[in-house]
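Below are two complexes that have chain A in common, paired first with chain B and then with chain C.
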Partner chain A sequence: MSTALSIQNLNYKRNRQVILHDGQLTLSTGKIVGLLGENGAGKTTLMRLITGNAQGQGVIKVGDSSDVMHRKQKTSFSDHLKGFDKSTKINQVVKFYQTVYPDFSNDRYQEMATFLQLDASQKLTALSKGTKEKLIIALTLARQTELYLLDEPFSGIDSMSRKQVISSILKWTPDNATLLISDHYVHEIASLLDEIVVVKDQTIAVHKGADEIRDQLGVEIEDYYESLYEVGGAADDK
Partner chain B sequence: MKFDDKVPIYYQIKTHLYHEMLNGQLTAGAQLPPVRQLAVDLTVNVNTVQRALGEMITEGTLTSQRGKGNFVTTDTTRLAQLKDQLVMAQLAQTYDQLHAFNLTDAEILTSLKQYIEKRGIAQ
Partner chain C sequence: MTSSFSLFKVMGQTKVRRINWLIILELIATVVTTLWTAISGNFSSVSLFYAFCSWAIFPYLIGVILVAIVAEKAYTSDTYRLIPISNWKFYAMNLLSSLAAFIYLVLVQVVLYALTAAIGWSSLSDSYEQMQLMMSQYGMSFNFWAAAGTILGLSLVINILAWSTISLVHLVMNSASNFLPKARQRVVNIIVYVIVIFLTLRIVTFLFGWLSNLMYTAFGSSNIDSLWLGILVMVVAIVLESALNIVMINKWVETNPN
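Coming up: the complex of A and B.
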């Protein structure tokens, strides 16, 4: 199995404060990976470092390339639609994606937009939290690439929207693509995941197979995750 | 489908499919939905479905036809064997639990008979 993402000796500081230190991670192709950690642990920062939207020290490779331009090209990440004016309409955002990303498939986008009931004429400012997350999923997965990053797509959305978002991920993530999906609440996505990665104590503390946790430890992913935060709990064994 | 998150998901998918094979929802030779469709229906990822199906193909309860998909085996002997295995596993669990209540084998048999008779009347 080939490597989708590799991170070596990653260090990142902001205002002289250490956000991430000595980060190591290798993800194989074709996996759905949960990126877990408390609010403010550095999950979003890690995603921005992967795409080069934030600059740290160390080596990050997407596929076999560490070049920032290549990393951006090979990674689909919508970063909460940062940079779009609130009065932008959905169809204008879609046009932008079509122009900027050669791998953006309008057919795939339209299929998802129909499934998720997105109204192209709506302005970003008029979107509910759930609709905005649906739009982000459709835009992100409409690109056909090797690595997808989804940053907390379930935070603050209702359960119907959540189900639709989960179905979209399962339906439209291409074979052999790797998807890294962050959440601070693992229970609702546990059945989706091949592996979990936990960001804790300013580093990538844990990387484990989901069924490995169930098989070898006989515990729920959520319980395992919580045990990492108990004093004297599971050690940060990689 | 609801999963018990303590048990490996691939294992639960196998159990789920076994039950469909034994209760007649999936008959001998029936075609399974495409892997991705199963993944969406069960809300699990494609790799997990593939792992479950792969193990079932290896053990001979499913067959895979290149370009066509996956099918329940037409080998009825294999299916009968599977049924025996599952029945035995279920009985073993029940027996162990009753045994833990300090019931003798004779008492277990009597209780079971009574239960079946009662159920027969109730229905």
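Coming up: the complex of A and C.
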């Protein structure tokens, strides 16, 4: 199995504050990986560093390329669409994606849009939080890339929307692609995951397989994750 | 990879959309002013032209600012910065699409000038003939197309310089956050603001002096070389600022988190 993402000696400061230090991580292709951590732990920052939209020190490779432009080409990140006017319609956003991403598949998008019941004529400002998340997921997964980064796709959405989003992720993520999905509520995504990565104490503290946690440690992912935050709990156990 | 043209297209569309709103507002203002003239009992065939002329300056001024805002947001927006294209192409397409949007505004304005002038031509033709007669009496040979072309070229270079300077200030402030704690960052921002205001005043003073020279050149005969020398200086400034901007985008400028 080849390497989808490798991170070596990653350090990142902002306003002279250390956000992440000594980050090391290697992900294989074809895995669904949960990126877990508390609010403000640095999950989104780690994703932005992978895309090259935040600039840290160290080596980040997507596939075999560390060049930022190639990383952007090989990575589909769940942009929250803040670059669009609120009056922009969904079909205009889709047109934008079709124009700037040569790997954007309109057929895949249309399938997902039908499944997720997205109305192309709706304006961004009229979308509920759940519908907006569905749109973001559909746009992100409609690109055909090696690595997908979904940044808190279940944040603030209802259980029905959450189920639809999970179904779309399972249905439309290509088999050979790697999916890194961040959340701070592990129970929402535990059933999806092959591996977990935990950002804690300003570094990548844990990287374990879901089966390893269940079989060798004999606990569920949720329990293992919670134990990391208990005093004297499992710590820094890569 | 994304082609430069694709990026130019999406960036241009966003800016042209803003310009269109501006033109709609200008047209509404022109119509309302003309209606008011009619209600006041002073309506003539040339009223629409005069009303349009009285509002025409605002789209230029506001348009330059609106386009600058859209352009600057692109540097710190994930929506744009996730696009797989090199940073220098990203910068160039951002600047070129701003220029294209401004040229679009100028062309629409020219068409609107022509349309409103055509409606009131019966009154305007007399004024135009009188002006030509007056100029010939004073020995001024007015080459309209040469003057219009020079003014257009000049205004485009001035706009590009304004946009690249705005980018320089914005990107310096964004880059500074990598190296300074938040409190000191505010101090740096204030210092940069003061320097920029000082430089802007100097540049505006220089440009006013220069424009008066231009008008003299356009209406009469003078040494036009100094005009082109000034344009050359501005082009060099644009190239230097752009080089600095691209270095900052490459090394330090980050997007705003989601």
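Assume the second predicted complex is superposed on the first by the 238 of 238 C-alpha atoms of A that agree within 3 Å, B and C clash if a C-alpha of one lies under 4 Å from a C-alpha of the other, contacts with A are read in each partner's own complex, and residues count from 1 in each chain.
As a convention for this text, a residue touches a chain if its C-beta (ideal position, glycine included) is under 8 Å from a C-beta of that chain, and two chains touch if they have at least 3 such contacts.
Note that the structure is predicted; figures quoted are calculated from it, not measured.
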Ask   = Here chain A is shared; do chain B and chain C fit on it together or clash?
value = fit
Between chain B and chain C, more extensive residue contact with chain A = C
Task = Look at A:Ile166 in the shared chain and tell me whether it touches chain B only, chain C only, both, or neither; answer first, second, both or neither.
result = first
Query = Does the superposition put A:Phe115 against chain B (first), chain C (second), both, or neither?
reply = neither
Request  = Using the superposed model, determine the angle chain B, chain A, chain C defined by their C-alpha centres, to the nearest 10 degrees.
outcome  = 160
Ask   = After the two structures are laid over each other on chain A, how near do the C-alpha atoms of chain B and chain C get, in Å?
value = 27
Remark   = Shared chain A footprint, chain B vs chain C, residue numbers none
Residue ranges of chain B in contact with chain A within the complex = 3, 5-10, 36, 39-40, 42-48, 51
Ask   = Any idea which chain C residues touch chain A in the complex?
value = 1-2, 6-7, 9-10, 14, 17, 73-74, 77-86, 177-182, 185, 251-252, 254-258
Remark   = The answer for chain A against chain C in the complex is residues 13-17, 44-45, 48, 51, 53-55, 69-70, 72-73, 77, 79-85, 96, 99-102, 151
Task = Under the touch definition given earlier, write down the residues of chain A that touch chain B in their complex.
result = 30-32, 166-167, 170-171, 175, 187, 190-194, 210-211, 214-215, 218-222
